[in-house]
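Single-structure report; data block below.
We just call them A, B, C and D in the order they show up, numbering each chain from 1.
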Amino acid sequence: MIGNTMSQTVVLGVIGSDAHVVGITILEQAFSAAGFDVVNLGVQTSQEQFAEAAADHDAGAVLVSSLYGHAEQDCQGFHQVLEEAGVDAVTYIGGNLAVGQDDFEQTRRTFRELGFDRVFDSETDPEEAIAALRQDLEITPTESERVSVSS
Amino acid sequence: MIRDERIPSDELRRIDDEIRSNWETGSEVDFEEAISYHESLPDHKRFADVLESADKPLLQPRAGVPRLDDQIELLEYLHREGQADLLPTTIDSYTRDNEYGKAQEGLEKARETGEDTLNGFPAVNHGVDGCRELIEAIDAPIEVRHGTPDARLLAAITFAGGFQSFEGGPISYNIPYTKRHGLEETIERWQFVDRLAGAYTERGVRINREPFGPLTGTLVPPSIAIAIMLVEGKLAATQGVRSITLGYGQVGNVVQDVAALNALQKLGDEYLPDEVVVTTVFHEWMGGFPPDEARANGVIGLGGMTAAIARPDKVITKSPQEFQGVPTKEANASGLRTTRQVIDMAIEQDIDIDGIEDEQELIERETRCLMETIHEHGDGDVVQGTIEAFDSGALDVPFAPSDSAKGAVLPARDDDGRVRIFEWADLEMDDDIKEIHKARLSRRADTEGRDQSFRMVADDVDAISDGKLIGRPRSTQSQEGA
Amino acid sequence: MIRDERIPSDELRRIDDEIRSNWETGSEVDFEEAISYHESLPDHKRFADVLESADKPLLQPRAGVPRLDDQIELLEYLHREGQADLLPTTIDSYTRDNEYGKAQEGLEKARETGEDTLNGFPAVNHGVDGCRELIEAIDAPIEVRHGTPDARLLAAITFAGGFQSFEGGPISYNIPYTKRHGLEETIERWQFVDRLAGAYTERGVRINREPFGPLTGTLVPPSIAIAIMLVEGKLAATQGVRSITLGYGQVGNVVQDVAALNALQKLGDEYLPDEVVVTTVFHEWMGGFPPDEARANGVIGLGGMTAAIARPDKVITKSPQEFQGVPTKEANASGLRTTRQVIDMAIEQDIDIDGIEDEQELIERETRCLMETIHEHGDGDVVQGTIEAFDSGALDVPFAPSDSAKGAVLPARDDDGRVRIFEWADLEMDDDIKEIHKARLSRRADTEGRDQSFRMVADDVDAISDGKLIGRPRSTQSQEGA
Amino acid sequence: MIGNTMSQTVVLGVIGSDAHVVGITILEQAFSAAGFDVVNLGVQTSQEQFAEAAADHDAGAVLVSSLYGHAEQDCQGFHQVLEEAGVDAVTYIGGNLAVGQDDFEQTRRTFRELGFDRVFDSETDPEEAIAALRQDLEITPTESERVSVSS
């Protein structure tokens, strides 16, 4: 698994039955331009499809997007599924993660507890996520490993 | 091979029986009884009549929460405090996926915890009686709004439940809303929905149908949206629908928006059979909103202003909390009142803007090109033509998540902020029209001193949420800034 | 007899010495030292330069609180969170009445209790040093805004305190703001203020002067406002002012507002000497606001839209809390951002509305009639002409509380919502122009099936706060309503 | 004083150095149309001018308007001045009575304590004030008298 932690391949998709595609279209573009290999699974991607693609491509990171407000339900057990598929990647989630006008810190906690290494709100500029990923993949791979395993 | 033909009555009955067995509440539906129920409703709850007889744009918000009592309270609030003329019931995402079991779980969880664990009202689970309770509680017409590729059971239950307006269509609730449903499949399913609405219509209950005009909500060129509206309108008319509201989502350029709404009404009247009453609905900006309520109110204000000039029959309002998530009822009502104030202050004014006719003519010509190619692709049959045209890419929608559309066409704003086509891919269009777009876009590229590229598209996607209409590069912005 | 002539230097010095002895802080003023102070200020705090070189409308709110640290905090907030380009310091009412003692009491009470016991910033009491602390703390130009008939000491202190822009004028800060001050008196006093600004100007410190265009804020016919702006501009120019910003308050009809702003700039350039740089400021609706923030945002949105089309040099924004009272800083910033969003979305668009030229021509003709009568009343002297014309009623302002104006002219909206004159009283105007107004108003009376009367005026006064532009009688409203 | 309590004369003005004239212009119009004799003192009227006019005209009611936010200071001792001038009239105050975004119930209390019989906010329709005055002058003159004396 050691070789994988430095993989520049990023698996990207919108989880559940969410069809908001514009955000990941922009993200795909931005991560590609930043030199990552992006596998864009598109919208309405299941947990299993994320896991399969991440395993197939030895992904260094799995980026989950959700806009429509069902992210919490859609991500239950997601990290279990990844683990079972032997995926050991940094996991990020971003977008509009709660139904309604929630407090983001609360939302962040919820998704951290579900196992995501980083949680981004919908004001996130792609550059922020790129900077974070550069750091997580190259500078502190072991720490991010620890976090995703302890989830 | 599926064609644009009316579903025979026996077939209608067969499908109806079949789909009603998909969930327990399906058995509550009794068509004859439903007709009498609709007949018992007072005039001011008859959606088509209220909409068609209005003499200024009626306002309608979006709103849906899982529990019935909460939904009643929410709609009462929006009617009273938001002065909404027409009310919505937005359906949750599980129901849209026909996952009635999951919706039931969510509904039960909502009932236990009091939290909104679904992003809408699961009308199928509430059943005919639940719907009727809602219809009876609210003193205004209510429309079902959703995003469901296969809305047959939802239609059967909500029509019987007293709703007289139903949003969506086989393209507009497929291409922007789902990845894997084929167009042939959704057309067949919506033919049933329209046929059912037609069956009510024949019995004097004119169910209003409203194709979803904004599509992906993101820089959709007007002619593409209008062509799809005309197709869905024709399909609905074939099945006997007689009240059709064609939709259009604001792009933010006033001239283009007014021109598009004019073209929509004109082409709607032309392309749809005479026996159909065609109305229009204008959706306030459907793309990404600013993450700031004050700025969002500016976006809403521009929407209201555009509506005051174009005078569509209906306006779907946004709330200042659009960016953040499902709005509180207060924010939702406030979007309604901000819009009402702008419309009412501006609508009695004579505001004739130059260039609307020219832009309208361009939009009409483009739309006719698209309608022509659909006609040709289908050898005269609009169903086959639509399927084939999407398949070949001759018809396409920007940012379409669906596998049924190429999603290869890319829009960008010109120097005046009108949405043009930057990447045509295989979209069918007369060369001289393409030249017009190209010229307008290269004028913008000149202004900005940069090449046309995906960067420009991405900048345009973010522009309104960043406080501008046109996604200028940083350098030009600082040059022109104060 | 007072005339439009420049105050001689020795006279300027004499008055200056005299008025500076009215309150203890007056002695802090040293003209030469003040010039060096201004020279030490960075370019981005030079009001006239920033305003005159802007290439899109700059935004400025209204804001003033009694304590210096609070005022700094407030302006920093509006600059940072409201993205205001220019900042204000609104002066309290006691200072406006030259009651520096009462202002002092209020200030001390504010310092003790932390409460805002004054409705503005008592700049005289804060003195030169207090003003400079403010100027230094804020990274943008700041204007003094008030409403003071006799603003001589305020000007002496704030100019020396580093402010480079000063609102008001002998008519615009008399007629709407006070009952008992004679025009002769206020003109004389403002000649001093202008002369002082002129003295700074001669030394290279171009103090910007801004006559208060909205007057009573309530249905003021554009030509009346413009004529008064021209008079005040001329008076200021005579005293050596070289940067003059003429003001205009939104009436709410887009065509009339754009036409008026165009006419204001054009006539300003024409009537004022060439060496004066004339800019314009547009005030968002200055009359009664809706008692509802959502609706108020609609009013603000219409203001932003009008500004985007007319492109004045500056816009004074309103807050959604205008109805209620002095706004919180958050509401104030939100009015700025709503306006900014609408302007930035609309300003790059080509929005040419029909009829603007015609309306502009009418406004220009009316204004020339008024300027002509002033000229005649004063035998060529604009000071005497103004005094005499107000005295005879040939020049008048609707709803003027001042004894110096007849306040007999009454405005009403026409069927398109443009402000016309319903009761001319003795206002000088060519007969054919009166006929145009009459025809437009009788068209409205026909629409409404009622006679022209004060009732119509009263309905128009309330209309915007009631959610409409035109004050239709209840019955017509229900006829046209949905 | 008994004869005065039924006087239909209403003295109206804007107190202090406030110059907001539009509201009282509308009120003058509405009260006249409703049959009252209105003495409109205009804007920037002092306490003494109110008292003098009320005494001179045997006013049944004194209507004070204030919009600019200094009402509380401007009305200190007002009822004393009225009393000293021998004025025994119903007193109303209305408009925008506090600086800033105050809670109106609090404002009402403040002005009731200063001695006003009724306190109106700026959303008041003239018809409401007319109805109230009709009631106060004709139906319960003694009660309103009691209130204004006990202040």
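Methods note: a contact is a pair of C-beta atoms (placed from the backbone, for glycine too) under 8 Å apart; a residue touches a chain by one contact, two chains touch by 3 or more.
What you are looking at is a predicted structure, and each value in this text was computed from that prediction instead of being measured.
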Completion exercise
When centres are defined as mean Cα positions, the distance from chain A to chain D in whole Å is 67
Fill in the blank from the handout: Averaging C-alpha coordinates per chain, one finds the centres of chain C and chain D separated by a number of Å equal to 31
Completion exercise
Here the gap between chain B and chain C, centre to centre from mean Cα coordinates and rounded to Å, is 45
Contact graph of the chains (line, ring, star, complete, other): line
Practice task
Chain pairs that touch, all of them, please.
Solution key: A-B, B-C, C-D
Problem - chain B-facing residues of chain A, complex - result: 17-22, 25-26, 29, 42-44, 68-70, 73, 96, 98-102, 122-123
Handout entry: Residues of chain B that touch chain A when the two form their complex
Key = 93-94, 96-97, 99, 106, 116-119, 176-180, 216, 218, 287-288, 291, 321, 323-328, 331, 399-401, 454, 458, 461-462
Exercise for the section: Going by the contact rule at the top, pick out the chain B residues touching chain C in the complex. Expected result: 50, 54-56, 58, 85, 252-255, 290, 292-302, 304-305, 333-342, 344-346, 348-355, 415-417, 464, 467-470, 480-482
